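Take a look at the structures below.
Each of the next two complexes has chain A plus one other chain: chain B in the first, chain C in the second.
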Partner chain A sequence: MKSIVFSILVFASLNSYAQKFMTKTGSVAFSASTPIEKIEGINKSSACLLDSKTGSLDFIVSIKSFVFEKQLMQEHFNENYMESDKFQKSSFKGTILNLSSINFSKDGEYNAEVAGKLTIHGVTKDIKSVGKIIIKNGKPNLKSSFSVLLADYKIDIPGAVKDKISKDVKITINCMLEAMK
Partner chain B sequence: MIIKFKEILLSAFLLTINIYANAQTDSSSDLEKLLGEDNTPKKEYIRNAFKSSRVINGHSMEMLGKGVLDFRILHRFGMIKGGYRELFGLDQASMRFGFDYGISKNFTIGIGRSTFNKEIDGFAKYRIVHQSKGAKSFPISIIWVSGITLNTTKILEPELKKIENRLGYYHQAIFGRKFGNAFTLQLSPTLVHKNLVDTKAFSNDMVALGIGARIKLSNRSAFIIDTYPLLYGANNNYNIFPLSVGFDIETGGHVFQLHVTNTKGMNEKAFIAETSQDWGKGEIQIGFNLSRVFTVVANKDESW
Partner chain C sequence: MTADTSMARTMIDELVVIEGRVKSINKDSNSTTVELGDTSSMSSIICQIDTRHQDDFKDINQDQTVSIKGKITSCNIDTDLGLGSTIQMNFCSINKHK
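Take a look at the complex of A and B:
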């Protein structure tokens, strides 16, 4: 009888630990600003799925959902640079490398090292980045900021605007995840 | 007995974990699946049918965004056949400068002033339907434009000195469609009315069918054609239908339209009713439109 209780307890605790978290309203912002021109877009409908058991971490971001202050910039972003009709989504498929040091059932701030494949503009590259996972009331909040080179993803900048657009783009992620039922 | 019970429990337990663990693998496709649940094709508006709110002379099916100000400087030089002495027409220039403003994403107003006839013109442009794809899509954009022109040259005959004799109007419906990524075609039947015409040989009303097309050459350049065959009211001894061909070149916040045309006028009334130069006789000129947009009110939520 003891062992049954024990098994149930172990199973129950494992079950609550091994959980998936997701959001469809995560925020992904990017900045390619230079001193001459402010170039910033924000996407507030990014999808993210985190598996706290396997450490897998995935993002899917719809390019057309980026909003810019200047509509012409938004138009050029879609039409000329990201070619969003052709490459509608960017994605990241990766894993948390230091999963064991993150306790998803205990509130706190944890550093996370993440590695995986980032696909932008139809080009896939391996990247590695560090970020923070902040657990509060059992809900993880993912925060990270990293840079990518436009040239790595075959995004051309024409000579005429070369000085206005930064060659490396800073991407900032802020996703509040909810436990999946 | 007790041992057996334990074994069963343990194996059942392990099995559960196993199933659970299996369910965890390949979670990348899980995210796609999860998103796929509500993946009914969303309604998506078709954009960038033309680079600019004008094809060359005439209005295009494109609108300005809300809170966007477009400062437009248009030049038409002298006739190319003036030769090297006139630097192929570049010694003379007729111009229009104007401001267009997007009140909402479907409503634009504009005002301009032209050298030709010292004319002031204003217009209102309303998009009735926006071409879209996905759920509840519509295959074309339909736009209505109404404009008024005021000639401010001196009227020599005292009995004609009335403001109404200076006025002209135009009304236009634009039916346009972007086919795929590279080709756009629009038809725009247009009525032009002049309150005062030069002689009885001219009709007060004229109807033309605007045809505008764009073929994209690269992400930042396109070939464009803009013509208005005259259907009604043309004086055959004077009126020639306007025809302009050229290129759109886009650089950052500017759109530069470089073309050759037989028109001097740069508002609808002027280029439809007052074009008399003949392509057949080489009576054409180089022209350019420069469009510079300014964001007056920042965009907060208008995503694609």
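Take a look at the complex of A and C:
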């Protein structure tokens, strides 16, 4: 009888908080603005998967799903710079380095250090970034902001528009995750 | 869903009308994203709503059936992460001509 009660308690504690969290409607935005031109795109259909036990973190972002204020800018982004017919997705595959300092079962705001491989335009680079994981009602909200150089990902800017497009692109992540069922 | 997704992959950049149950809807001050699909499955269709048509979705809630038109931007059959198959659409609005 004791072993049955013990088993139930162990099972209950294992299920007290979820191991994997995900979203398919995460927000990934970028800005390559300069004082001359506002160049911003946002994608609110980004997929993100976080394993709170191992700290693994995955993002998949469809390039064609970025939305811009100006339709022509969106066409240039897809056709001239990102070549989205050829390189349809960007991805990040990494790990939370300070996993032990994040309590996914306790509401609060935690700093997160993340390292992994970022693939953009068919080029994969190691990156390291910091962000925040805000736990509210057991759901993690991932927030981070970091910069990448277009040249690192072989995205060429023609000379005629080089003053209008920043070489240093700021990427902002905001993903509200749900427990994976 | 897999066969449907393979077919949809050939339809990237096409304008389509799709009818389905609202699995989730995320609204904030300047955007709305609707996920269509069955809650028992990981597979779904993600619709980023055209900002000009956001008001049409203010009374749309989870579990409602809606008809949405938009442009297919991505079809992904996920075998690695367990996220199911996903079709993404942009420039979406309510299809008022059923």
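Here is the rule we use: the second predicted complex is superposed on the first by the 164 of 181 C-alpha atoms of A that agree within 3 Å, B and C clash if a C-alpha of one lies under 4 Å from a C-alpha of the other, contacts with A are read in each partner's own complex, and residues count from 1 in each chain.
Convention: contacts are C-beta pairs under 8 Å (C-beta built on N, C-alpha and C of every residue); 3 or more make two chains touch, one makes a residue touch a chain.
Just so it is clear, the structure is predicted and the values come from calculations on it, not from any experiment.
Chemist: Given the alignment on chain A, is it a clash or a fit between chain B and chain C?
Modeler: Partners clash after overlay.
Chemist: Mind working out whether A:68 is in touch with chain B, chain C, both or neither, as first, second, both or neither?
Modeler: In the superposed model, A:68 contacts chain B only, not chain C.
Chemist: Based on the superposed arrangement, let me know which partner A:80 touches: chain B (first), chain C (second), both, or neither?
Modeler: In the superposed model, A:80 contacts chain B only, not chain C.
Chemist: For A:107, is the partner it touches chain B (first), chain C (second), both, or none of the two (neither)?
Modeler: In the superposition, A:107 touches no partner, neither chain B nor chain C.
Chemist: According to the stated criteria, A:25 is in contact with first (chain B), second (chain C), both, or neither; which is it?
Modeler: Touch partner of A:25: chain C, not chain B.
Chemist: When both complexes are superposed, which of chain B and chain C contacts more residues belonging to chain A?
Modeler: Greater contact footprint in residues on chain A: B.
Chemist: A:58 contacts which: chain B (first), chain C (second), both, neither?
Modeler: both
Chemist: Examine A:88 and indicate which partner it touches, taking first as chain B and second as chain C; both and neither are also allowed.
Modeler: A:88 sits against chain C, while chain B stays out of touch.
Chemist: In the superposed arrangement, does A:163 touch chain B (first), chain C (second), both or neither?
Modeler: A:163 contacts neither chain B nor chain C.
Chemist: Clash with chain C: which of chain B's stretches 4-12, 40-48, 148-156 or 166-174?
Modeler: In the superposition, chain C collides with chain B along 40-48.
Chemist: For chain A, give the residues common to its interface with chain B and its interface with chain C.
Modeler: Shared contact residues on chain A (touching chain B in one complex, chain C in the other): 22, 24, 47, 49, 58, 60, 64-65, 67.
Chemist: Contact residues on chain C for chain A in the complex?
Modeler: 12-13, 24, 26, 31, 33, 35, 44, 46, 48, 73-74, 76, 78, 81-83, 86, 88, 90-91
Chemist: Which residues, counting only chain A, touch chain C once they are in their complex?
Modeler: Residues of chain A touching chain C: 22, 24-25, 42-45, 47, 49, 58, 60, 62, 64-65, 67, 88-89, 176, 180.
Chemist: With touch defined as at the start, can you tell me which chain A residues reach chain B in the complex?
Modeler: Per the touch definition, chain A meets chain B at residues 3-4, 7, 10-11, 14-15, 18, 20, 22, 24, 47-49, 51, 53-54, 56, 58, 60, 64-72, 74-76, 78-80, 83-85, 93, 158, 160-161, 164.
Chemist: Can you check the complex and tell me which residues of chain B touch chain A?
Modeler: Residues of chain B touching chain A: 6, 9-10, 13, 16-17, 20-21, 24-25, 27-28, 30-32, 34-35, 44, 47-48, 65-66, 68, 181, 219-220, 250-253, 293, 295, 298-304.
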